[in-house]
Amino acid sequence: MSDLARENNEWFFLLERFPELILNEKTCVDMPLFICPEDQDYNVLEVLTFFKEHDAYHMDYLKFLSITDWSDVLEVVYHLFSYRTQKRCLVSKRISREGPRLHSCSHIWPAANWHEREMFDLFGVVFDGHPDLKRILLPDDWQGHPLRKDYTQNQTYNGVSTSRTYLTQLPSFSEDISTKTPLTKG
Amino acid sequence: MLQILPSVLTSDMIHGMLLFGKISLFFGLFITPIAGFSVYIERRLSAKMQSRIGCHRLGPEGILQLVADGIKMLCKEDLYPRGSDVVLFKFAPYLVMIGAFTSFACIPFGDHVVMANIDVGIVYLLGLSSLVVVGIMLAGWSSNNKWSLLGSLRSAAQIISYEIPLGLTLLVPVIITGSMNLQAINHFQSGGVSKWLVFYAGPFTIIAFVIYFISALAEVNRTPFDLPEAESELVSGFHTEYSGMRWGLFFVGEYANMFLVSCIAVTLFLGGYQRSMVNIAFVGLTCFFIIFLLLQIFLFLPTYVSELWKGQSLLDVLMKTPPQKRSNAFKVMCLGGAFVLASLMYRYHLDYHWIQVFVFVSKAYFLVLVMMWLRWSLPRYRMDQLMDLCWKKCIPISFVCICGTLIWMVVQ
Amino acid sequence: MQYETQMYETQQMGDQLMELNMGPQHPSTHGVLRFVIHTDGELIKRVEPDVGYLHRSIEKIGEQVTFQGFLPYTDRVDYVSAMTANHAYARAVEKLIDCSVPKRAQYLRMLADELCRIASHLIAIGTYPMDIGAVTPFVHALREREKINDLMEALCGARLTYHYMRIGGVGFDLPKAFETQVHAFLKSFYVFLDELRPMLQDNTIFLKRVCHLGAFSKEDAIAYGIVGPNLRATGFDHDLRKNAPYACYEELDFKIPVGMGEQGTLGDCYDRFDVRVKEMRQSAYLIEQILGQMPEGDILGKAPKTIRVKDKWAYASVESARGELGFFVVANGQPNAYRIKIRSGSFAAMSMLPVIAKDVFLADLVAIIASLDLVAPEIDR
């Protein structure tokens, strides 16, 4: 970046400290997205701690922590906001789908505690260093991680059937939806 | 007559059986209907305070609802939780009822209308109210339920603590009249409203009455002291696991207890059954409600009879006849008639026993209505705040009342 | 600042504590929530919330139905104030497709939001005294909410799950004589608000139960992600309607009520209650302004029948009754969303509960839960 660009860029300090982050302003509508490099050992915690503690950003509010299941990777997205500077951004990291692990950031923001539990519950991502990682929304003895794209439900749960036969056929979305019949039959 | 009876029965035994019969009739036909009626009044009163109507469907103005509820409770399955101590579980409601009901034995409803004119009536009352605590603790323990246990322990702590200011403030009339006999206390208060014990010693007896009322609320587990049966935390506290008639016994026991403490308050502070203008006004108001209700039933009768004649079943007639709205003029006429009747009774010195009973019951019932009013307006105290209120505020104030009354008596 | 990950003391204290289960069916848990409580007699040493009884996998359903078809599901995310949920999702999708919403539709959306906010706060301030013991204010509050339900029924046909907003605008215009009905409602509503003060806020027993209870500081609240009236009660005046205005809020004039610690500590249960009461009054003023300034025009902007957007994400949030309710939508070129993530205020409030409710009495736990205004559907989705 040229000197002029450096001075006008509000993310100057971040990109100077972590030049490997890619700033993407097109994917998310009016919010900058910082993409972390894809190698497994990259320490996202450093980036997050920098966001929290640097004076120019002071991102004291973790709005949510979401995961999207692309068919080859899982993409973890942190949405950060600062009350003081009114800046907001997304930080994204792609992790592998087999045995996904990530460092927990609940010591940076206690809000992350339950969000990470939810992501463990629904996607199976294990957060190292989390104080109490167990299922939160589903029962403790549930098998599988539902929000994954390749999730198939067990036929029974504790002896009770989990399917309703007339809803197993869902319409495909390859054509225009307006010509299709309604979702449920009868 | 006695010759035809078997020789095993002696006259003492007959006397005992007649007495037993009298007492059962008293409880069955007098106290239990009052308790049942209190339930109905509570529902209508709370509804009035909350801008809704309350139960008004079954029977005229909904009065047959209590009969329906009673029948429903009798028909329910007799459940007891697994793991509970069945003997204690079944025995607990009876203890609560015994504690409440037998205390009525010494309360005078009229000049000679008292079952047992005990010379130490006040001690008898205090002793029996402690039986209620045992019943509640048995209920909570035997339910095999941690929440019930919590509720019963809270209740036990509360009742035992509040018995102290109760006893202390009960001492105030004893000091003034010099006797623990409830009839004697009543006779002391004859001769008009100014002779009521609550106005005897200036502010001290008034404060004593207020402290007594607060302690009585705590004894009966009514809001603002109803933490043991706090609906939002413990479902129903110590009577969560009870269903059907067993719960009905607790319920009736609670309302009978409410009536009991009001009766005691009226006897000791508010003039008992003594006849006076103000008392007769109470009688007039009670008469108004009774006349109004009777007229509703009377004016309903043609509709009921004609419906039954057409072939409808009794249940249908009772449930589907819509409530009649009576005009304000009608209500005012009933009220006026009631007051005319009441003032005639005062003018012509109608001192029959029944008017005294009527005076007494109407005054006690007014206090019951105040208790209901408080229940639906106030939030409840937390346990430690309740205890704080008792030990740090009620007890010192009752001591002050006793000393103040003594000083007042010496000075006058 | 680092936050220590806490090991609960119970594991050090052994089995001296009584374990209680405040189960999913309970008269005072707001919705279907479960708490496992370890108490030392009446003092609570540890509360562990167990959520998930109302989990309906709404986020997964969002991946199966179209963008427009998901709107009725957003009602069920927070059925106590459903309009705001509709609004948030509609804004997120409108950001994706870059659709502009006409001015009248914006005003109608604001009107619906504020009516919903009043309705939701009525439930909050009605159930709160009920959990403390005073049953009567609940009935009075529901009486007012009935009138709002009638207004909503006139507006969009439903009393609880409205599905009023559409992608690009709203579904229905104002019916005839709606404004007179709203003004009649507001007249009685101000009377109700004035009655609250002597009934509850000046009542000694209520104050004793509520003050100095469950207080947390502004920094703790921000760190745990608390939003909405819970955050404003700690003295921090952040409101999305003022700080990040959406839907023409910048044209209206209103104040943000903030907790002042006038009775008890700053940020305690009394402040949360007080903030909600004041917010209702501000919402009533807002409704009057909205009705006065309502412009003419369309109620629905131009939005495509089938929404296909490739490789775009959008996040939009509105200030719902419980704080910031946000929808994060990931689109992948299909008519249905690829991933929808819902961010609600009650989730964060629930996660903070084990921290606040330490060394309080059992009765206080109920009061704290009620003061945080948790609704289970928002937590579990």
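Order of writing sets the chain letters: A, B and C. Residues in each chain are counted from 1.
By our rule, a residue touches a chain if its C-beta (ideal position, glycine included) is under 8 Å from a C-beta of that chain, and two chains touch if they have at least 3 such contacts.
Fair warning: this is a prediction, and the values are worked out from it, not measured in the lab.
Chemist: Would you mind checking which chain's mean C-alpha position lies nearest the centre of all protein C-alpha atoms?
Modeler: Answer by centroid distance: C.
Chemist: Among the chains here, which has the CA centroid at the largest distance from chain B's centroid?
Modeler: Between chain B and every other chain, the largest centroid distance is to A.
Chemist: Could you please state the distance in Å, as a whole number, between where the Cα atoms of chain B are centred and where those of chain C are centred?
Modeler: The mean C-alpha positions of chain B and chain C differ by 44 Å.
Chemist: Indicate the whole-number Å distance between the mean C-alpha point of chain A and the mean C-alpha point of chain B.
Modeler: 63
Chemist: Hey, how far is the Cα centre of chain A from the one of chain C, in Å?
Modeler: 24
Chemist: Send over the residues of chain A in touch with two or more other chains.
Modeler: Not one residue in chain A touches at least two other chains.
Chemist: Would you mind writing out the residues of chain B in touch with chain C in their complex?
Modeler: The touching residues are 46, 49-52, 146-147, 150, 154, 223-224, 226-227, 230-233, 235, 376-385.
Chemist: Would you tell me which residues of chain C are touching chain B in their complex?
Modeler: Chain C reaches chain B through residues 18, 20, 26-28, 42, 129-136, 139-140, 143, 199, 203, 205-206, 208-209, 361-364, 366.
Chemist: Can you list the residues on chain C that touch chain A in the complex?
Modeler: 2-7, 51-52, 55, 57, 59-60, 64-66, 95-96, 98, 219, 222-225, 236, 238, 243, 305-306, 311-315, 324, 326, 328, 330, 334-336, 338-339, 341, 343, 347-348, 350-352, 355, 380-381
Chemist: Taking the complex as given, what residues does chain A use to touch chain C?
Modeler: The contact residues of chain A facing chain C are 27-31, 33, 60-64, 66, 68-69, 77, 79, 83, 86, 90, 106-111, 113-114, 122, 129-131, 135-139, 146-147, 170, 173, 176-178, 183.
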